[in-house]
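Can you read through this structure? Questions will come right after.
Chain IDs A, B, C, D, E, F, G and H follow the sequence of writing; residue 1 opens each chain.
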Amino acid sequence: MNKKVLKDILSEVRSKKIGVNEALKRLKHFPYQDIGIARIDTHRHLRVGFPEVIFCGGKTDDQIMKIVASMVKSKSPILATRISDTSARKLTKKYARARHNRLARTVLIEASGKAKRGENVGRVAVITAGTADIPVAEEAAVTCEAMGCNVEKLFDVGVAGIHRLTSQSESLHDFDVLIVVAGMEGALASVVGGMVGMPVIAVPTSIGYGASFGGIAALLSMLNSCSSGITVVNIDSGFAAGCAAVRIVGLLGDKK
Amino acid sequence: MNKKVLKDILSEVRSKKIGVNEALKRLKHFPYQDIGIARIDTHRHLRVGFPEVIFCGGKTDDQIMKIVASMVKSKSPILATRISDTSARKLTKKYARARHNRLARTVLIEASGKAKRGENVGRVAVITAGTADIPVAEEAAVTCEAMGCNVEKLFDVGVAGIHRLTSQSESLHDFDVLIVVAGMEGALASVVGGMVGMPVIAVPTSIGYGASFGGIAALLSMLNSCSSGITVVNIDSGFAAGCAAVRIVGLLGDKK
Amino acid sequence: MNKKVLKDILSEVRSKKIGVNEALKRLKHFPYQDIGIARIDTHRHLRVGFPEVIFCGGKTDDQIMKIVASMVKSKSPILATRISDTSARKLTKKYARARHNRLARTVLIEASGKAKRGENVGRVAVITAGTADIPVAEEAAVTCEAMGCNVEKLFDVGVAGIHRLTSQSESLHDFDVLIVVAGMEGALASVVGGMVGMPVIAVPTSIGYGASFGGIAALLSMLNSCSSGITVVNIDSGFAAGCAAVRIVGLLGDKK
Amino acid sequence: MNKKVLKDILSEVRSKKIGVNEALKRLKHFPYQDIGIARIDTHRHLRVGFPEVIFCGGKTDDQIMKIVASMVKSKSPILATRISDTSARKLTKKYARARHNRLARTVLIEASGKAKRGENVGRVAVITAGTADIPVAEEAAVTCEAMGCNVEKLFDVGVAGIHRLTSQSESLHDFDVLIVVAGMEGALASVVGGMVGMPVIAVPTSIGYGASFGGIAALLSMLNSCSSGITVVNIDSGFAAGCAAVRIVGLLGDKK
Amino acid sequence: MNKKVLKDILSEVRSKKIGVNEALKRLKHFPYQDIGIARIDTHRHLRVGFPEVIFCGGKTDDQIMKIVASMVKSKSPILATRISDTSARKLTKKYARARHNRLARTVLIEASGKAKRGENVGRVAVITAGTADIPVAEEAAVTCEAMGCNVEKLFDVGVAGIHRLTSQSESLHDFDVLIVVAGMEGALASVVGGMVGMPVIAVPTSIGYGASFGGIAALLSMLNSCSSGITVVNIDSGFAAGCAAVRIVGLLGDKK
Amino acid sequence: MNKKVLKDILSEVRSKKIGVNEALKRLKHFPYQDIGIARIDTHRHLRVGFPEVIFCGGKTDDQIMKIVASMVKSKSPILATRISDTSARKLTKKYARARHNRLARTVLIEASGKAKRGENVGRVAVITAGTADIPVAEEAAVTCEAMGCNVEKLFDVGVAGIHRLTSQSESLHDFDVLIVVAGMEGALASVVGGMVGMPVIAVPTSIGYGASFGGIAALLSMLNSCSSGITVVNIDSGFAAGCAAVRIVGLLGDKK
Amino acid sequence: MNKKVLKDILSEVRSKKIGVNEALKRLKHFPYQDIGIARIDTHRHLRVGFPEVIFCGGKTDDQIMKIVASMVKSKSPILATRISDTSARKLTKKYARARHNRLARTVLIEASGKAKRGENVGRVAVITAGTADIPVAEEAAVTCEAMGCNVEKLFDVGVAGIHRLTSQSESLHDFDVLIVVAGMEGALASVVGGMVGMPVIAVPTSIGYGASFGGIAALLSMLNSCSSGITVVNIDSGFAAGCAAVRIVGLLGDKK
Amino acid sequence: MNKKVLKDILSEVRSKKIGVNEALKRLKHFPYQDIGIARIDTHRHLRVGFPEVIFCGGKTDDQIMKIVASMVKSKSPILATRISDTSARKLTKKYARARHNRLARTVLIEASGKAKRGENVGRVAVITAGTADIPVAEEAAVTCEAMGCNVEKLFDVGVAGIHRLTSQSESLHDFDVLIVVAGMEGALASVVGGMVGMPVIAVPTSIGYGASFGGIAALLSMLNSCSSGITVVNIDSGFAAGCAAVRIVGLLGDKK
């Protein structure tokens, strides 16, 4: 993309359609849109495969509405995360295509035209250790689905009753990517990682008490996993895990 | 595999070739080999795609030699990490196929017969921020190569001179997976993650001083990356990053 | 249990009552019950001696009611911890056998039939350093009592007035297990551990201020106790201490 | 100033206008004003170039009004930071010159007479990585403007879309000082620091979630920046960054 | 014991065999022996069931020899932990009964007469996740054996190959106490704790690298275990785990 | 005290006024009073010089009233710290002698008869760095005054305007003990400690923001003070500092 | 620079001296030099005012020699930091212009031709709290001098004897920038910052013991300084402080 | 002192013996001596009661010798702490009065003339929990003795055998100040603090292993002590404790 733009500009200079100064000016005109409070990165969808996502934490309703309004013309899907119920209601009221997932605290506004890439290109399983980990898992699932993945959910299979998981071990092999969401001691990621050979993305959650320290226990546990090749994202960041899965699955899609 | 073994046993019971007690006993006979000081997981290569790796840290030369000896009959490649020069010499002396990478502190003993899967199935770029991050990067590269990936190295492109990286941005799109190795503030992972859409595995290194706290600064930086979907492995763990890349690339291979 | 089930299945295969595929299917049918939001581990009572406990933190009233409803048919006692007053009222209203301990934030629903094991098999003393540690101590006491232990409470005997404890030292020898609950600097555990030879389970609490850091001071103090053989559970986790005591006392019961 | 006062006192002693004891007493009479709850450092404006600033966090409305009342006679500007809306309303109601910046949580009361130094002596750019960093940036901007700097704001140019920043790189060279405000992984400071040679003051913010730990991730990232010569101030402290910029720009002013 | 001594003294006072002052003096004569650099607690064996153990870390050879010399007359066994090879040689040279376990870094000097309690009163399994955890496990085993327990060792059964453990799950039920020794992410303790109902003592080890932070990752993981009732001792403290097991097993012995 | 009681008992035994068993029983009768939820240490005033203080944090109004009621008969003063306004009102309503200091969050109930020791035995200066540190300083002052010290307050003399302090340096020499209360970077303690030779007790406060981490910055600063012989108490613990001053001043009183 | 290059290329395209593809290729040819193990940023001197500095920590002698050799042709000065004595000797032996400062652990190779900018453009004072902070201070001084600043050193003026500093306070006003180097509690930075109005760059050092935690105490102290506008660099990083001073002083130079 | 000097100067001005400028100059002439690498604070002995102490950590032999040489003319005692054996030998060789305490790592050079204050003015007990804490205790003892205190040592009375301490409780009342030195969980300080009413200075030591984290466990334990009025100094800082004791005892001396 950048390359083509650059080539066009150079060609126009060469053919003297535009002057050197005009070319200089245009070369500085990068693909983003400045709306004052934010700079919308409109080409990110093309560049890295997913749209500018609105992290709503710490943003006012007005800011959110304004940012969405500026984005909605583009053909990319729009995903708002960590959104309050109030903000979500405003969006669903204004945009017919907006779907609110209260548990995941997300609003997804699908692109009007169908996105070309990502037509169910990959199967992602989202697994949780406990019931309390579900909101984070839902955020991951919504993120994956927004990009066209097939998502299956396998909740509450923590290691305190390991047979709940081992009984499922055969079916785990049907997926392209596994997202493992766990708080407390986060041991589930290690156990799953030892069972399968496909990519495992571990999401530590802040679920726990006492010395779980808001997810640090699970985070350290996952980083130090004795099951080789598990990767980790930020505490409670279902969104990050979802994006990481999309990066992998997108790769898969490109090869097809 | 497990399923087939189970089916066979059940069939033999049905056909009364073996008794119930014999079946019970066999069902307990899982695929590992007990050599006293260690239990070699001989089937891991089939199960998760890479062999039992010998983490040599804190093991004596004798223990290492003994473990390798028990593994070498299997058809999987053997990878020894964090190996001392002394131990490495013993291995290379005894096993003709053993290759020592001093920088990466690894010894790789290729399987005698060629591994079926993993014939250059994926292209992995290993990128470092600085010269001092190279040993960790080499460990990642060796791990990937041991599994049959094509690895390219792009060293010393840290963000203090960001143009060194942006000048390469086109070529980054040729890879399936990027491994970004960085110490100090680890910003390189965020910058790379914002440029490309394929999987990015970030490896924080303990390179730095003062408040880098042995890699914590880079670790936190990478976990909190504003570039969505970057995943992180343990500090200095080139091996973990390599395995994570192999999981992805293996996935790719399966689809081909 | 597992062994018997397995034997039965194998026998049925042998006698051709069931086919191999049916056996395979049954072997995967592990003892848990999937109710969508949670997988109830109905056999845990038999396996490890206490029922699936419902940690209510972060669960909605609906989720709690649903989980209890699915459990109540089993013969195990049900223990809900960290329960809010509102949720507790709903449970006590619906289940006549439900007893609410507000201080301990627990609801206990005894099994309808009497549990066989655990008829006052052991004597557990729950000791606190201060008045503010009592809620954690009560959670430990409820947990022990739910499993049939005899519990005695000895509150507010902290080391600032060590004679309050030394005057009791004779009577401490009458117990099978001591649970020591202390916040601030947690020194009580060391002092008690130096006085007696039976198992001492230390529970650090988040009581304190300033540099107590939510219980870290007490936790570290207890882990580093110069009184040998003290074991430690998570901060504020009266429940964990209770379970640990039950594990010991249950052992005792088995030997009787 | 101190020197002159001292000289005058000594001269009066010499000329016997005052006695030794009187001189001793006066020498102890340092330039501050005791109003009971606070000691107003009335000469700080002369000494270090900016007035006593009222950090309103943890002060009552009464205390704030009392402190302002005692300051307002001096010719220095008065800056109240971290002020609540309620307190701000009281100030703007009482003092006509008081300007409230709600986003920055500041009230500025300009000196009645114009301050001599600081008439647009320097150009400061305040740059943020994201929209959520704006309040901290505004506090920095208000602080700089209160001291007579020209401030320009460049918001939401984080490294996830690095081209948004590189497109601006030429114009960055027009400033004397850059204040870079960023949360999450704080990588923006490193990238900016690698582009320019003038002073860069990095302000980590507590924006982020999970393992950002209230700004620690960004703080460590900035302290460990591989771009040489970046300096760092306290988390969320737009005020500190503003003062640091004023110190530099004041220096510049002195040379003119 | 204390009680009897007290009664005797009081009786002697009553019968006027001794005067009040003599009684006062004797009452202060507590059961320890002052050898200058240390106060040997000669009665601890009777009081809490195991002897004064010599933690050799930071003690000179001379100090160790002196302390042992003063202890050796008592009938308790003597256990020296964290002992250097040099010190150990000196002890084994001087005391025929001294046994050196180099891996565990212990020297054990059995009591000349047989200890009454502790004749194989309990069966303790010591389980490790990896080969590198063995020294800590050995320290636990030596401690248990010194007190008369039957110890079985089950090494290298970490969760990366979970079948190595599940294949053993039946035999785990034969033990009274399980000591689980694991570094890295310490997940083994949770998995074991979910399989059995007897006491599980978890020992985090400092084995690991990167973000294992010298055992903190394993420690937090174990404290936050979702398997209820696991207790934890200090990092690398096989000795503490051994003592904790002895406390439990001793309890068991008392009941027999 | 204890000694006399013991002697009396022994004499009574000798003179056969009481039997051995009665003596045994009495010897166990230690000087505290058990009121169920708490064990009041009624003799602490005699033993360590100040009464049982009621730390009200986490106690209900009922518990506080009950504890006070059981104490009020003793001749010691009663000090309730961290008390809520509601609880304080109840106490002042019921006990005429109760004085509430809202800033310090204390209620003091003087003993009805005058305490013998502590009649203005010492002069304590309580110094704060800023206005926001005053509540902690007031708690220290109330504690000292309750024990009969003369307290002087010197507030808001932080090092940002060091002349405010150096101008006072002469008068600092008039005190027996200095309590220095400071948040943020806590540098005031070092500066004061370098000026004077009498005991300096440093109290870190949680005042500050960003990387002050709730008082850790000030705590570490004070522990590492380059001014020799400064001692430190817990964060925000004006009470601890007051008690420490009373210990010193009491010592002084004893010598008079 | 970049702008000029770009303009030239565009002009050549316009004048058809070069084709579009050639232009494209040149535009990608960024100003760095790839020597395999490192990418030398040859234009950094022009861009940010100081040369590529070689951080020697973790580099082999060969790597250092190779990097220097590739840099030495450029007209920028070369600064090697954290260099070992051995490496330093090799450099001084090979390059006549190389000057080794053992205390600062630096080697400086001045540019053969004189650098245009930075002819004594600014006066920087480097102040230390103690004697042990001197190596860090020397690193800062060398860095400043390499860029043409006038540096004065004022060592061992810590706050334990505050008069040593206040006696110098007049002379502090003669400098453009103050670098304050302090370990332990780092209070010196606050005291200096309260005395002067020019930029103060604080460098925490790892000097101290116990709870100084390798410089964390000083770092937090400086970040939380109550003296407004102090900026902080990484622990022990005299180099970073020097660069920060050069950024300020260079600014000053540009205005002259 | 300062006051007198000032008065003299002012009187000389008044009597015109000296001019205003000369007075100004003298007023700046503060009582310290600049020897290049260090500024000796020669008047500290008078000001705060103890001499400039040489913390030898990180100083070369030459620096130490030079500093001692410049101090030895003054009448204050000289104390070198954390001194190596080599440096100590040099000092004892050169200065006849120098006494080396190898355990405490100190060299003390008594003043030639007797110090006036501090002739056995106070009785200090130094108590340790274990044998390994002795070096820190010795440093405290040497510091106290250097200033003329009577020091008694009571080693190895940790709480694991609490009777060793309680048997001593009467005799503790004979001291003016208690210094309690303890590592591991540091509980000894709380127990001692609950027994006595005089000042208790707690010194956490880095003795311990696992989660003692180099003394943090003991430090936190002591800061959070439930025994009121205990004060704490830096980890392992026997010197700081000694100085704190001297401050208290000196106070006592002043009153005599």
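We take it that contacts are C-beta pairs under 8 Å (C-beta built on N, C-alpha and C of every residue); 3 or more make two chains touch, one makes a residue touch a chain.
Just so you know, these numbers come straight off a predicted model, no measurement behind them.
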{"item": "Set of chains whose contacts include both chain G and chain E", "value": "A, B, F, H"}
{"item": "Candidate from A-E, G-H or A-B with the same interface as C-H, over half of contact pairs in common", "value": "A-E"}
{"item": "Distance between chain centroids, defined by C-alpha means - chain C, chain D (Å)", "value": "54"}
{"item": "Computed distance of Cα centres, chain D from chain B, in Å", "value": "50"}
{"item": "Centroid distance [mean C-alpha coordinates] between chain C and chain B, Å", "value": "40"}
{"item": "Multi-chain contact sites of chain F, meaning residues that touch two or more partners", "value": "3, 160-161, 166, 170, 193-195, 210-212, 216, 219, 223-224, 227-228, 234-235"}
{"item": "Chains touching one another, given as label pairs in label order", "value": "A-B, A-C, A-D, A-E, A-G, B-C, B-D, B-E, B-G, C-E, C-F, C-H, D-F, D-G, D-H, E-F, E-H, F-G, F-H, G-H"}
{"item": "Parts of chain B lying in touch with chain G, wherever the complex brings them together", "value": "130-132, 134, 155-157, 160-161, 163-164, 166-167, 170, 207, 209-212"}
{"item": "Chain D contact footprint on chain A (complex, rising order)", "value": "28-32, 37-39, 41, 44, 55, 57-59, 63, 67, 82, 204, 206, 215-216, 219, 234-237"}
{"item": "Complex contact set, residues of chain B against chain D", "value": "129-130, 158-162, 166, 184-187, 190-191, 193-195, 208, 210-213, 216-218, 220-228"}
{"item": "Interface residues, chain E side, partner chain C - complex", "value": "3, 47-50, 53, 170, 176-177, 193-201, 219, 223-224, 227-235, 239-240, 242-248, 250-252, 255-256"}
{"item": "For the chain B and chain C complex, residues of the former touching the latter", "value": "3, 6-7, 10-11, 13-14, 16, 19-20, 23-24, 27"}
